[in-house]
Amino acid sequence: MSVERDVMEYDVVVVGAGPAGLSAACRLKQQAEAAGKEISVCVVEKGSEVGAHILSGAVFEPRALNELFPDWKDKGAPLNVPVSGDDIYFFRSADKALRMPNLFVPKTMHNEGNYIVSLGNLCRWLGQQAEALGVEIYPGFAAQTAIIEDGVVKGITVGDMGVNREGEHKPDFTPGMELRAKYTLFAEGCRGHLGKQLIRQYQLDKDADPQHYAIGIKEIWTVPAAQHKPGLVVHGAGWPLDLMGTDAMGGSFLYHFENNQVLVGLIVDLSYTNPHLSPFDEFQRFKHHPVIAQYLKGGTRTSYGARAICKGGFNSLPQMVFPGGALVGCDLGTMNFAKIKGSHTAMKSGMLAGEAVAEALLAGDEGGKALSSYVDKFKASWLYDELYRSRNFGPALHKFGALIGGAINYIEQNWFGGKFPWTFHDLKPDHATLKLAAESQKIVYPKPDGKLSFDKLSSVFLSSTNHEEDQPVHLQLKDATIPLAKNLPMYDEPAQRYCPAGVYEIVGEGSGRRFQINAQNCVHCKTCDIKDPAQNINWVAPEGGGGPNYANM
Amino acid sequence: MSKILIVAEHAEGKLNSGVAKTVAAAKGLGGEIHVAVLAADAAAVADQAAKLDGVSKVLAVSNAANAQPVAAVLAPQVVELAKNGYTHVLFPGTTFGKDLAPRVAAKLDVQQISDIMAVHGATSFERPIYAGNAITTVEAPAGTVVATVRQASFQAVGAGGSAAVETVSVNAALPTHTRYVKLEAQKSERPDLQAASRVVSGGRALGSSENFKVIYEFADKIGAAVGASRAAVDSGYVPNDMQVGQTGKIIAPELYFAVGISGAIQHLAGIKDARTIVAINKDPEAPIFEVADIGLVGDLFQVLPELTQKV
Amino acid sequence: MKALVSVKRVVDYNVRIQVKSDGSGVVTDGVKHSMNPFDEIAMEEAVRLKEKGKVTEIVAVTIGGAKNEETLRTALAFGADRAIHIKEDGEVQPLTAAKALAAAMKKEGAQLFLCGKQAIDDDANQTGQMVASLLDIAQATFASKVEVDGAKAVVTREVDAGLETLEIDLPAVITTDLRLNEPRYLKLPDIMKAKKKPIETVGLGDLGVTAGAGVKTTKTVPPPSRSKGVMVKTVDELVAALKNKGLL
């Protein structure tokens, strides 16, 4: 069906109002202002408002922010809780833990000078700064497709509104607009659906290791004041995941934030091998560990959410540019997994891209080029250095497990300054790691107690996720038969368990059995797109404004 | 000592049941309770109001202009009545009261308190905000207290009293800018989901849209609207506009039947204002039983037809 | 004919309301806000009346702090021609709001005042009626159908007993109910244009309004959770239980 679309032209279009996209937008405007010229910048954001889809721990390293807004304190940036202490635990079992002596903590895990923040609120603040600089931000509008003409990215098309479940136009059908630009920056976050297409189309990853991912599940708790230690950071590895083995890896966090809030989460590497594993249930039982429960008991859970993380780091970085555009932030994969921090690196990558684009445009560039200056700036920056030093962290863990890998990391970071003369590689993509269900041990998760642990649906409720009911399912199956014909017999359809929002269910019995997609529940974490063993699920942006409505996440 | 004026709602010579509930709220204030009946001929309704327990006087205001409940016409008269030393002017929290009360409050130059759900004292009340997701305790400012009374929060007082009926004439200029045309009862055969006092909802356990027939049959028998859980909507058994719950409709019927609905929290959020919840489910562990007032564990395809036959 | 539409910025209807643990109110910081959904319906109706040629100019009005500008931009994207921001950082209760809005009505010489039947935050359901009362003009609340004809309007109202029809002389206040219309999707080009439409800022004082004594909220708590009821074993027991409660 061809439709007439409105067209608007900008110098730069940014897809995604997260830390990378907003930093890029701000930098562009700053550079233009310094040059006394105008660069028009438009940011589209699929969330109903800036920050609605942002979820992070988060311990925030202010390095990039210091560069972007040296006066961020005066401007009221929401960095209110300095880290006051770092605890690291090795969880050995459901009730045993070993606290790591400070001496053995790798340098990358020290957090002096960092802040516990809500990245969502930081993005809301960045959005205000961007608008004050003249950036146009349009939340509630999802970039649906990249406009590619003669191999050059010319902008994006915003998703149509008012299409029903069958794909027909409803009476209020509104075609999405074309936003054309000299340069388009993709800042969709981890596993962006346009980023994924661009990487494929331009073979941006042909020289890189496969990207590796984890799913982070997070809750916000309000706890009794006596249990609250503002600024305390608790990181952990091990139970309920593997400490020695490499079948199920990951780590946990618990941060004491402001207003008696505790932020708690579990990050599960999507390289896990047992298809019976459920990251959600691992997280629920994790909260019962005495080290964690001591802070949560008697409290109330107020928020829940989940998001995939790109953790491949340096070795998995695809090429950053293509004609007419570039990838920034987690769409590119700039997270520093050794620090478990991606916000400052995302911001920095956005700033570098912003600088490169601004310089080109201010010099009269008409757009459409692959901006090697962004790559050059990246290579000359602290960001490159930081990612390079941490390049062995993930692969070492995947090879040797949390304890030994962690020890290697300690040695590399503290003795070699992150510069081992060799590099570990991890070449197996996360969707290929599952063993057959029949060959894997069933996992019986404890029933949630309704105090520390909860069921999936009441959790999803706390994400305030919402989608217009009557719209095409945004979780597309390339082959609708695979879930029942292949995934079910081979892997007991793991989507039922890896999805932290209860989107996927096998319902019915015998011949009435079918694969049910509760698309309304989706919290936009992208795990299904990553982990499906058949790579059969394609996550696309639903109607703009749909998805979680995270507050203070 | 409070002196309370309750403005009566009535239609076709009958006192609205909301007035007896408003009297119940007024009793919590302590003081003298008067009921004002404004009608074309107020006598018959005034007699009914006089019977309400706790009412000490009924003011009967007969005026041809009061033949229909037009707020703009009633308000100046209520304002005149209120000036006779009344400390409180209460209205039932019905569309009648909600329409009229602010018109009176503005003329008396006082902020109004809407939807009183509990009375703590002459000027201290509880009222819901955010669709009942929070309950506030509020203190009325000095001056006449103008308030509406939430109907679901009070039980009607009995009708064993015998208050005096006083015929009153009110001297107020009445506007002509508003003309009553007609009142039509809701036409739809099955009541509207959001307005219905009874709702029967089906869940995924129905298994198909054809099977929803048992829900419709039962609903029609008891004059109820039909709703559905998100799971039933997602499964395509019924259209979207029947969904009850977080992203669908929030409803507050007197009686709610959850049939074959496990009770995902989204659904529970949508029915928390229901007065009585009846759950029918074959899974005794279903969360819906945790919130149901009456639960029955059983196969809905057996239970529902039997119930349809027996009610 | 000029129409004034009052629009309120409220916590978005999708946001799950959290009551602060110290009982001082509900959490509004860091949560999404948007235009009161009933006011969206009022905006939509105004735009439809303009499209039908009944209304020539739509002026959106809001009362509140700096962030309310977003709500006005939304109204402008809907199709308001211009907007008035009555700036007030403190709490504004319905009567105070109504006084300011009535003053704005007079100043603008508008014939039609539209707003939602209630805002989904305080659920007061007062402001429209108060505006009508202060101006001594007609009101039609809970509107589910509006027909404007010259100096009159015929409005169908959703009342408890069914659908009531009133004929009112203009100027008048109409408050809008859920079924009046389905607000349109805001189009990106309209949102872009809205950024350039004019917003006039005035203070309560400029309109001659001072906030009088208000209702004081002393405590806010979450609603009581439901408790488990009785289990019955047979349909007969169920019918008996329902009859017992007077429900059948």
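Which chain is which? They are A, B and C, in the order written, and residues in each are numbered from 1.
Methods note: a contact is a pair of C-beta atoms (placed from the backbone, for glycine too) under 8 Å apart; a residue touches a chain by one contact, two chains touch by 3 or more.
Just so it is clear, the model here is predicted, and its values are computed rather than measured.
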Identity of the most central chain, Cα criterion: C
Chain pair that, of all pairs, has the most C-beta pairs in contact: B-C
Chain at maximum distance from subunit C, centres defined as averaged CA atoms: A
Inter-centroid spacing, subunit B versus subunit A (mean Cα positions, whole Å): 47
Computed distance of Cα centres, subunit C from subunit B, in Å: 20
Where subunit A and subunit C are represented by their mean Cα positions, the distance between them in whole Å: 37
In subunit A, residues with contacts to at least two other chains: 461, 466
Where subunit B touches two or more other chains at once, by residue number: 247
Multi-partner residues of subunit C (at least 2 other chains): 14, 16
Residue numbers on subunit A that touch subunit C, as the complex places them: 6, 8, 48-49, 51-52, 118, 120-121, 124, 136, 138, 140-141, 158, 161-162, 172, 174, 176-177, 222, 260, 300, 302, 461-462, 464, 466, 549, 551-552
Residues of subunit A touching subunit B in the complex: 457-458, 461, 466-467, 469-470, 507, 516, 518, 520
Contacting residues of subunit C [partner subunit B, same complex]: 11, 14, 16-17, 19, 26, 93-96, 98, 120-130, 132-134, 136-142, 154, 157-169, 172, 178, 212-223, 226, 228-239, 241-242, 245, 247-248
Complex contact set, residues of subunit C against subunit A: 12, 14-16, 18, 21, 27, 29-32, 34, 182, 184-189, 191-192, 195
Subunit B residues within the subunit A interface of the complex: 204, 230-231, 233-235, 240, 243, 246-248, 264-266, 269
